Structures are given as C-alpha cells and as structure tokens.
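We just call them A, B, C, D, E, F, G and H in the order they show up, numbering each chain from 1.
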Amino acid sequence: MSAKRWNVYLSGEIHSDWREQIRLGVEQAGLPVDLTGPITDHAASDECGVAILGPEETRAWTDHKGASVNAIRTRTLIEAADVVVVRFGDKYRQWNAAFDAGYASALGKPIVTLHDESIGHALKEVDAAALAVAERPEQVVQILDYAITGRL
Amino acid sequence: MSAKRWNVYLSGEIHSDWREQIRLGVEQAGLPVDLTGPITDHAASDECGVAILGPEETRAWTDHKGASVNAIRTRTLIEAADVVVVRFGDKYRQWNAAFDAGYASALGKPIVTLHDESIGHALKEVDAAALAVAERPEQVVQILDYAITGRL
Amino acid sequence: MSAKRWNVYLSGEIHSDWREQIRLGVEQAGLPVDLTGPITDHAASDECGVAILGPEETRAWTDHKGASVNAIRTRTLIEAADVVVVRFGDKYRQWNAAFDAGYASALGKPIVTLHDESIGHALKEVDAAALAVAERPEQVVQILDYAITGRL
Amino acid sequence: MSAKRWNVYLSGEIHSDWREQIRLGVEQAGLPVDLTGPITDHAASDECGVAILGPEETRAWTDHKGASVNAIRTRTLIEAADVVVVRFGDKYRQWNAAFDAGYASALGKPIVTLHDESIGHALKEVDAAALAVAERPEQVVQILDYAITGRL
Amino acid sequence: MSAKRWNVYLSGEIHSDWREQIRLGVEQAGLPVDLTGPITDHAASDECGVAILGPEETRAWTDHKGASVNAIRTRTLIEAADVVVVRFGDKYRQWNAAFDAGYASALGKPIVTLHDESIGHALKEVDAAALAVAERPEQVVQILDYAITGRL
Amino acid sequence: MSAKRWNVYLSGEIHSDWREQIRLGVEQAGLPVDLTGPITDHAASDECGVAILGPEETRAWTDHKGASVNAIRTRTLIEAADVVVVRFGDKYRQWNAAFDAGYASALGKPIVTLHDESIGHALKEVDAAALAVAERPEQVVQILDYAITGRL
Amino acid sequence: MSAKRWNVYLSGEIHSDWREQIRLGVEQAGLPVDLTGPITDHAASDECGVAILGPEETRAWTDHKGASVNAIRTRTLIEAADVVVVRFGDKYRQWNAAFDAGYASALGKPIVTLHDESIGHALKEVDAAALAVAERPEQVVQILDYAITGRL
Amino acid sequence: MSAKRWNVYLSGEIHSDWREQIRLGVEQAGLPVDLTGPITDHAASDECGVAILGPEETRAWTDHKGASVNAIRTRTLIEAADVVVVRFGDKYRQWNAAFDAGYASALGKPIVTLHDESIGHALKEVDAAALAVAERPEQVVQILDYAITGRL
C-alpha cells in the first residue's frame, strides 16, 4: 500500500557477479529497492588508504588505513539498510563478510545469507542469525519480491 | 502545519476486510497516511519459505522457514511505523498479532487494538499496552483523523 | 549549505496566540521549518476519547481515554522533532507541558522554554534542561533563524 | 570461569506446574540461575488493580487496572532477564504470553519457547523468533545447564 | 524466586510526609526495596548551586545553578530506578514532578502517580502515562508489595 | 547503485577557508553530499545568546547563553550527519572541536580528522577515534569521493 | 581506585590453549577479571541442539539447532562483557569469530584481536575495528593489566 | 535511603594533584563513591601501545597504538560512570579531556567541569554541556556530597 523504497546492502564476496544478478533481477521485477554495498574493486579497496592519506612502510598499516577508510562507507550503508544480504563464496576467508553479518545482527537488521550448502556447517552461527539462507542470487530476488509485494 | 505523512502498520487478522475498510476510510478522509501490513494471502504466507528456499520434510521446518521470511517484511515495516494497529478476530489464536503488539510496545510505538468487547478480558495485557482500544475499523480511521488533523 | 528542513514541536499553552506568532515569524523569515504541536482545540482535546471510542460514566476514564488518544499524536510528533519549544502561560497548571519537556529531555532533544520571567523560579528544573529560555515568541523565531541560517 | 548468575524469566501458562519443574531441575543441577516470572495466582492477577486502587463498574476497566499493575512487575523483570522462556499450554488464548515474547524479542533477549508440537503451526512466528523450541520443562533445564556450564 | 532488590524513585511534593509513610510501609512489609528521591530540604535545594559554586546577582542564575546541581542527583537516580512514583500535592505548580514523569516515561520506566482525585483532570496526560494512579501512600506500598511478592 | 545523499558535518576551526575548499571539491566532483557545520561567524557565535535573549553582566553567562544557543544547531546537525569531519588549526585551544569529536564518537559516527602532522601527538586520542586522519582538505574530498563512488 | 571487576569475553579458536594461557596470566597478575567465552567442547557445541531438543535428519537443521542454542550463551555473555578478545588461528574459517567481532563492534565494545601477523591482511577489516591487535596471549594479559592497573 | 555507591570518573589534567584532593575529600566526607580515571603516568600512557604490542618507526603509529590501548580503559570506565568530572589545567591543549566531555555528553552522563575562570571563554561549549562548573577540587567534593547526601 505504501511507496516505501527498500534499502538492501549486499555484503561479501567480490569475485563473482552475484550483485549484478540481483541487480538485474530486482530491475526485471520492478521492485522499489535501492541496492548498496562495499567498493568491489579489490585493488582500490586495498590501496585506498595509502593512495589518499599517504604511503606506509608496512602492509599492516597500509591495511589498517585502507580498512578504516572502507569502513566509512560500509558502516554508514549497513546502518542505513533495511535488509543485509551476506554472500560467502567458496574461496578466501571472507572474514569481513562474517564481521558485517555480526555487525548487522547486533543492529537488529534482517539478514539473508547466500552461499553453497557445502559450506553451511562452517557458517552455522552466521546462518542461525539469518532470517533466510539462500543458495542462489535469484532466491534473494524472490525473497525481496515476496517481502515487498507478496508475490510468489 | 507540517506535511508529515503518517506510517501506520496494520497487524493481525487476515480473514475479514478490516484493512480495506480502514484504507477506504483513510482515503475518503484524505489523510496523509501510508498503510502497511503483513502479507495477507494465507497460503502464500504459509508456503513462502519452502517455495523460495526449497522443500522441507516436516511442517515444523516449513513453518520456521516461512515465518522467518515473513519476518523480513514484518519487522522492517513495524520498525518504520509511526502507529501500529493490531486486530484480533474471534477465531484462531492469532499469536502473531499479540507478538507484534509486544514487539511494537517494546519499541515504544503507539498501539491501537481493534477487537470485539467479548474478547477484551483475554486481551487485557495487550489492551493495557495500547493507547486506544477500538471495536470497529471506522473508529481507527477516526483516531487517525483526529491525531493528524484534530477533526472529531 | 544543506536544504534540511527543521521540525519544531510547539508544546504547552493553548490559550494565547503564541503558536500563530511563531508561525508568522517563521514564514516572514522564510525559514525551512515545519511546525507541529498538539491539538489546540481544548474541547476536542478533552472529549476525543469518548467521542470516538464511546462514553464513560466518570470524568477520570473520560480523561484517560482522551489523554491516551492525544498521546498518539504528541508522542509521535515529539519523537520526530528536531527542536521542542515548551510554552508556559501564567494560568493553569500545565502539567502536560512540563511532562512534554521531561519527555523531550530524556530523548535528548534540544529544548527552548517560553514563559514570563515571573514564573521562572517555579520552572527552574525545566529551564535548567533547556538550551534557551525565551520570554517572547519573536525570540523563538530569532533562535530558529540563528540556528538555521546564522542571522542575528 | 565467571561467577555470573543467570536471570531467567518464565512467561506464560499458569495452569500447570512447569515453573516448579524448572525450579527443581535448576536446583538439582546446582545452576547459578535466578528464576522470575509473573504473579501466577490467577484471581490475584485479575483483581489486583481494583483491590488496591478501588472498584470499577465494568470488567473492561477492572481488567485495565489489573493488567497495568501487573505490567509494573512483568516489564521490570523481563527487562532485567538474560533469557526469557515462554510457555504455551493447550488451553486459553494466552495472548499475554505471545505479547511477552514479542516484547522480549524487540529487546533482543534470547527466547526459549515451550509447548506441545501440536500447536507449533499456530505459534510459528513466535517460534521463529526463539533460539530454542522445547516441548518439556526438563529440556529448558538442559538448555540452561548447557548454556551456563557446557554440560550435555 | 529471585532476590532482586527493587529500586523505587519517589519524585515530587516535598511538603507532606508521604515519603516517610511509604518508607515505613515498605519496612513493615519487609519488602526488598531501595527508596531514592530528590533532596527534600527546600532551602538547600534552592541554594545548593550558589552555596557551592559561588553567588549570583539574579534569582534566575541562582536557580539555574541550583537546578543543575540537583539534576546531577535526580537524573542519576531516575535512570537507576526500576519504578518511579510521582506525587502531586494540592499546592504549588510542581512542574519538576511533571518533568520527572515525562523523563521517566521516555526512558520506559513504570510510573505510579499519587495525588487526590480532585486534581486528576489537570493531570490527565501524566496519569495516562502511568501504570497506576494512587490516592494514598499505602496504595503505593500495596502496589509494590503485590508487584514484588504477589500478596494482596 | 542507490541515490543516497551523504550528510557530512564539518566541525572545528573557523579561521581558514577549509570548509570552502571542501565545498568546492565536493561540487567539482559532483558528489551527492550535503555539507553542514556550525555558525562560522565568530562574533555572531559569541554574542547570539545575549543578542536574542537579553544582556548579561558577566562574560561567563554571556558565554553560557551563547554556547547553549549554538548547541541547538550543532547537536541537531551532528546527530543528522553520516560522517563528521573535525578540523584542528594550529592556533587556539579549539576545545569545542574535540568535544564534537567525542560527541560524534559516542554516537558511533564515522569521524575524519583534519590537521597538520605537527599537532598529531596532542590529538592522539581524537585521531585514534577517527577512521581517517587527513592533513589537507582535498584529502577529505578524496575520502568522500572514494567512500561514495569508489573512485581513487 | 575502584574495586570494579572486568568482564572479558574470549571469542574464537577452540583448538589451542590460548584461553588457558590468558587465565593463568590473569591469575598470576592478580587481576580483577572474570573471563567468559563460548563452550569450547567442539562435539558438544555441534550436537547440543539435537541432543537436547531432538534429532534432525539433515546436517543443516542439526547445525541450526545447535548454533541457536549456543547463541543463548554467546549473545548473553558478549552483551555482558566489558572487553571482547577475538582469537583467530591459522586453520579453519572461523566465521563465528569474525561474526562475534562484528557483533561486539556494533555494540560498541572494546575489541582486542589475537592472531599471527601472517593472517593480518585477511583480517584487516576486523583488526581495523579493534583497539589492539595482539599476536600472543601474554600480550592480551599485559593489555588487561595495563588497562586495569596501569602497570607496564 | 539506599546504599547505592556512586561511580565518578575523573577525566583530564594529569599534572596537578586534583584527583588526590578529591579522593581525600570524598574519604573525609565518608561518601559512598568509587573514583575512576585514566592512567595518569604520562610516560606509561604514551608508550603502552608499543611497549606491549611492539615498536613502531613513527611517532604517529606509536601514538595510535597507545591511544587505542588507553581507550580500552577510558571508554569502559566512562560508560560505567554515574558522573564524569572533567578537569582542564592552564597548560597543554588537553584535547582528550574535551573529547571525553563530548563522549560523556552524548551518553547523557551528568558532567562537572573543573577549571580556572580564566579559561572559561575557551571552554564555553564544554561548560554549557555541564551541570556544574567548578574552580576548585573541594567544590567537586561538595557537589558529590550534596548530590548523594543533601548536605551543604
């Protein structure tokens, strides 16, 4: 009945096109959804701190500066989100994705996780904090479609 | 004096047309009100979890998945609401309606209950947390009209 | 620099035209301010509960119903306010005005009180919780003008 | 490692001895648990308002006074609880139990529900907000024992 | 079942012995209650600011300093309270009592008001925010006794 | 992906043109940023209290009135901000800037500090609460550009 | 000066004796610290849900039940903690540790991470949210010792 | 009437014996006060980060590590405080003191500032957020004595 736009933050994996699939799905369904997420350019994300604020001699401080600058974006957008989707791929440790899930959980945000069943056991604490556990991006679109319009 | 739109969540009974009556009343009164509420298609509401996320062998997990997916919608919209109206019919246990009332109460939302006087005793704790106890949908419209415009 | 509109709630006395004076002042100064406040029709405010929800045999329950219905409006608008102005006249006990001031204070809202110096001693706890103590409506307009535009 | 005492609120059904069973179980297990709950004397709970604050002519106001006085206890103790257990029996509507569950959920309290599987479908929204769904009081004791000591 | 002590703040009138009556009643009933409240020595309360922090030439700043110093106590103790009792006598404006009620209400504290029925209409907004409206101190003791022990 | 506008509060030094540099940089980069900040007219900021609310005989109360009126603006805008930039120049004590940083930090706002390296040691507690420590206004623009668009 | 006891939650890796090392260090230093943490018996932690609440046919629901029961403990203890230490080992994905870090961060808890420098890059977002990044358990003890007593 | 102990955090200047004076005064008055504060050993406070977590090549990162470790203590103790006293001496910039004041203010803690009148103008924003502005340590003791016992 209302014209509310839904703000959905897409956290996690940056090595596959799942965000694009969700974007296309949301668009095709004509959903009133604004998608946000982290900067997904890996190199930029790693180097933003030193690129803007000056070089560091160690990887540790380079990382600290970069992660802090990225946090300006991620914290702001997660706090503004209605729903947080967290994607885990089958590679890398992706601790930032799990961190985002914990952060969103403590803020009381509805969480949807998105990952292969094969890594479900390792993700059990994260999944237990989620309202839906999806395996494919189109399921995320269907969840948003149902939550917003009631369509199945 | 201001142009504020009021966001009113309509929780509870899905077997009568009370939401439609309120919608019509609000429209006829020309009130700046956005009405929201749960998905009211009973079958969709029951099956949404398994329809999207895959089948379950037991009713219990089917329900768990469905109720969790519905919570993505209901929590988001209740938290966005200025006022929460909770309707109890004379059939079914409607524990979700009472749950929503408790949830809204802890968030400090103004609550209006809507039910026959005949079930008032069973609802006394819920009514005691409400700012108004109405029996008919038009009273809800009148409350919104008065609260927003001062008209009686 | 920004185009923010300021939401200002005008609480308290309903027997003089101070709200109208502030409204005119804000308009003449062209300030981006939305003014809100309680229903100021005394009779409607007293009778709204029973008029909508049915008669009561005692004044106490008539008052309880009415005050509760009014609270739907006042709580919602105070929580939405950026600034709360609380006016005390020289008549009546106006406990609702002091209640609103305490409510706004606990929510961390900036408070401006508006009253004659002659009742300042009785209002010392309320004034001590305020960021400004004004005596005349035009001072409230000047405060808003300065806070928003920097003009003196 | 720590000597923390756990504060567990037992909400809901007052017509069976489930609270006593949990109390005994907790005692036998030697758990550092303080159990709290509502007043379980049905007549006292219904009449406390008018007994203390004076009689009312209608059931509705008798109920309002009573439920409000009971809320002084229940709100205070739920907010002080680490864990909230909510019991649903097979009789009565028990809307206050579901209300408490919603209230506890919005406060972010861990919830354990306790009820027969036969009413699980009707309770699906409440169960979906719980971290455990138990059928027998001894399971609640086992959950507390495990959560506090790690014993299985 | 638990050994919780209840923290009850007694706000308002300082010209009758109602606090002493409640203290005696609580003691006789053996309730686990800690009573707190404002400084009730009127002269000290008015002069504490200038007595400690230096004299002022105007009543207004004397009041400001005094009310601010008193707020160190009252805010701290209200925020620590489980229940707030607010007493209104038949004399003076007692805006600080109404302010405390509003402050406690926004913090979600259970409120009990205590006043003659004769001033009930003027207090309707405050009473509507309370969970009990008492006329005599022994009723407050009875409410605490019931809320804590279930005795009627 | 979304059209979110970012609200950035610029706190601190008022004796150089750093706000104007950031404003120009944001404009040239075409960023969806609304910049806010305190009143930067030093004389107006000092005198606003007495100019509007009447003269005081002492500097202390003149300052108290003025700082309180300014707080109406600064608190409101800091609470509305997504990001708070705090600039420290090499002159004056600028305790208000450090106060704003502490205030923003407790609210969980992302903070960027802006100051010469030469005063970094004295600012170490403030910098440790920041997500970025910049030395030049264009770095602040670059941070906003990266955080919003991902451009480096 | 005060006798405050510090509540420190030890999250993460359960395959080495780091908790025991911290416990011994805290004991030897005589610090007023209560250490808490998750259940570290891996098998019990995996099976607690089905052991208490009944078997499941799939690993996914076994995990869901278990992780939810564990969350009763972990959420309660993290919210009660003054400081949260999060340990990452060099094996396993340990997403629950990163989840806990995010959860603690959103609650505003001071975080100390504990891990080898070799995994620092993968943990950069988690480390950036921490107030200290340690490599060895004795450093955690030294941090607690310094934070509590000022000893270096 | 109650036996509450008051938790008072003493922030700011570490180059005079004001904390000791307050400690002695509180002791002589027999007040139920627990005093807390930052580590006041300047060298330890500066070096704690690198002493525990390893050396840095730059002053900036040495400071960052140290200030972050100190924040584990200061944040924890400020959040646990009932009242925050902030002392400004006549030397150094003491930005950390002003930061603490802002932090405490956003948390709603009652603040007492302590400084010479001569620096009052520079501190006007900080003082305006305080409930008392004292010049001498014994005034702080008197404020605590009055707030706790009512003695003048």
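Simple rule for what comes next: contacts are C-beta pairs under 8 Å (C-beta built on N, C-alpha and C of every residue); 3 or more make two chains touch, one makes a residue touch a chain.
Just so you know, these numbers come straight off a predicted model, no measurement behind them.
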**Steps needed, at minimum, to go from chain B to chain F via contacts** = 2
**Fill in**
Comparing which residue numbers chain F and chain H contribute to their contact, where sharing over half means same and under half means different, the two sides are same
**Asked** Using C-alpha centroids, which chain lies at the maximum separation from chain G?
**Response** C
**Request:** Using the touch rule from the top, work out which pair, B-C or C-E, shares more C-beta pairs.
**Result:** C-E
**Request:** Starting from the mean Cα coordinates of chain C and chain D, work out the distance between those two points in Å.
**Result:** 40
**Computed distance of Cα centres, chain G from chain A, in Å** = 24
**Request:** Would you kindly tell me how far, in whole Å, the mean C-alpha position of chain B lies from that of chain A?
**Result:** 30
**Asked** Can you give the whole-Å distance between the Cα centres of chain E and chain G?
**Response** 43
**Asked** For chain C, which residues are shared contacts with two or more other chains?
**Response** 68, 70-71, 108, 133
**Complete:** Per the touch rule, the chain C residues reaching chain F in their complex are 1-4, 6, 82-83, 108, 110, 112, 131-134, 139, 142-143, 146-148, 150, 152
**Item:** chain E to chain H touching residues, read off their complex
**Value:** 7, 23, 34-37, 39-41, 44, 47-49, 51-53, 65, 68-73, 75-77, 79-80
**Item:** In the complex, chain D residues that touch chain B
**Value:** 59-60, 63-64, 66-68, 70-71, 74, 88, 92-107, 117, 119-129, 133
